[in-house]
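Below are the structure tokens for one structure; questions will follow.
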């Protein structure tokens, strides 16, 4: 694996390998401390972020890497430098991986063949957010042990959500069944990647699902303002306390956060026993450490050897 | 001690313990290097800062912690995430302490019972700035050895100053006598925590004081623009060269900085022999190291043991 | 050497010493890792930067220093604090060197006698950018071995370029011949430091030069908008593919970047075999490590000994 641009390009072996590594790091983190000592990772967030931004930085530092935090407003982007030239610059000064969040779909796919450092997608447009998917997968795996036959509902602003899309790819590759619900006004035109017949009224799903994954309303990516009031959204498409009471025993609530409290989710549910929202964040650090480990760690260096799918399967897939 | 929200909640034993630790760190810093190795501290400054911000970062790094610098403008605050949810996020990704500056009074008091990481107040509203108080106390202690009977004037924009209030609490708890002076137009309505009878004309205080602590005019917290000209402020309420000449032998000048030169203080006095302004800044690093040591260091970890006031007194005070 | 304010103040021995150190670091970097352990360096960039800003940070971290990244917008500059008081603050909290970029000519010269920490100029006004010069010199030395008799053209917006000026000082001190070309509309009034008779039509230089150093158009320092179109600039003063084909065998192309592609330089030339643009960036890390080594490293500490020009020549020059 040279880059991590999207879940779409990974197969189930690669997904499982990343999840296994994340679990191993969680169990014996001290074995991984300092494993990236002397390697430099840059974080380039062109859109606001708290969780992804800082959990990447924590992951990088726990592995011993040193970290550059790029900020567009104080960079040579102000003098017209392109993102491609910015990345080539970072490569030239010794940066080994760049973690990138940007509003533009396809940004990394266009560039990665010409860039020597490892590109890690931390959210692009409404396209992919692969490490969010990995942390969601890890949270589900911790809860249920496996994915085959699990029923997962993804609910809300599906069309504008890169989280939904990456999770759809990841969950189905690992054998889960994915159902969708959400306001037609947001999803009607888009989300073309959702197969026909996968949309349901939320109330039909609530009692059947093992996982209810609520999505943030992506106001920043809406072409026009949402006409639904917050209260109406909550009542029709939100996880209300009433809906939560109807959930299956053992089912869990997920949300990529930040939560619009009392819109997507009743505020009281955020820290409720069925919620895994903070567990998701905690897992975010481990999956990001796993990604960095596979891209920059000792295994990565051996990719010049003849490809050995068993040990380093990601190296074997030209698509990644 | 689980949090440091204000001097108001500390007693003299706790203050002395923090000052003693700061002095010990100053004398043999190498004994403390790396003591927070592998622990993560986040700095969240919602108001501008140079001194507090960077001396906290220096303190954190000298102790071996790794540091996250949160910036509101590039964070999920832009998507509407609350400070509470931001702190819960940081907690979930493994942050052990959050250093917070914010314009809102009471912010930390509302939250600290529900937050697992240590909160450190780096200035809230016009309420408290406990580490500034600690560095001021350390500077005074270095000069005079003790506090009992010392006369300290706090002069200027008292009402809007969190520095004045924290210092008033700290100095009186340790036995110093505190006097106030400053323009009535700024202080008339407010500073209700100053006891009646503690206000004096500045000129009556100048010759009697051991410490003259000038305050910055907090323009950013004024509801309406100051009508006094800079020259008038300086002449009536500033420490002019003439007033400085009338100071008692051995008396010192303090200011939390940044100084409005030739307004609160004659510019020539900033680096004058009686000034301790840069000494205050230097001490800021040591007191912040001491606070971090008590919140996160080896002693902190033993707080689960039965409380032993002698060794770890701060753990014994539920108010903190 | 206590500060690095400009190439103008250095002599050829000092330049050679810095280049030699940079080469040694490049060859055996592990000997220098951690040499600044426990020392604190602050980066203060008052103008946008990607290359200088991050290559300084990489250099600082590779040497083991810990790093503070000052940002004007969130600092006490917002409360009116001067740059001088900001630097005195950093000095007081233990910072050993400050890397400064600012639009104001002469800023560092005014301050350095009163500042205890080492000042490193990372670009001031249109005056000097000494570490850019050093990395350009290193790149040329790697290519040609020495400077005597080398022909270097500096082409473009010479008047507004601090890179041009530092390189002119550096190259001539080391024995190279420097020629200038560029649009009269930009250079007519200014660049008074260029000796008469050094300006040539670009086309007369192209075939004769060993090094063609193109400059970025410094739009941000123009008093009025450039009337030349991009296409006209490129045709008359840019390094077109056609001009590049006429270059001498073995001659190289340089540019401090960011490049305005297809204006100063044909886009295809940026990564062409004759281009050293990314090599320049890579060398930027080594020369900055060399500067930090001489200002803060073991040699620097011995400057209190009687000055020994052979070993530590920079200490011998009061002008620096």
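Letters A, B and C name the chains as they come in the text, with residue numbers starting at 1 for each one.
The rule is simple: contacts are C-beta pairs under 8 Å (C-beta built on N, C-alpha and C of every residue); 3 or more make two chains touch, one makes a residue touch a chain.
Remember, predicted model here, so these are calculated numbers, not experimental data.
Looking at which positions face the partner, subunit A and subunit B present mostly different ones, since fewer than half of the interface numbers are shared.
For the pair subunit A and subunit C, the CA-based superposition corresponds to a rotation of 120 degrees in steps of 5.
Note: centroid distance subunit A to subunit B, computed from Cα atoms, is 40 Å. Each of residues 69 in subunit A touches at least two other chains. Those residues of subunit A lying in contact with subunit B across their complex are 33, 45, 48-51, 53-55, 57-58, 61-62, 69, 71, 216, 219-220, 257-260, 278-279, 281-282, 284-285. Listing the residues of subunit A that touch subunit C in their complex gives 38, 40, 42, 66, 68-70, 73-81, 85-86, 88-95.
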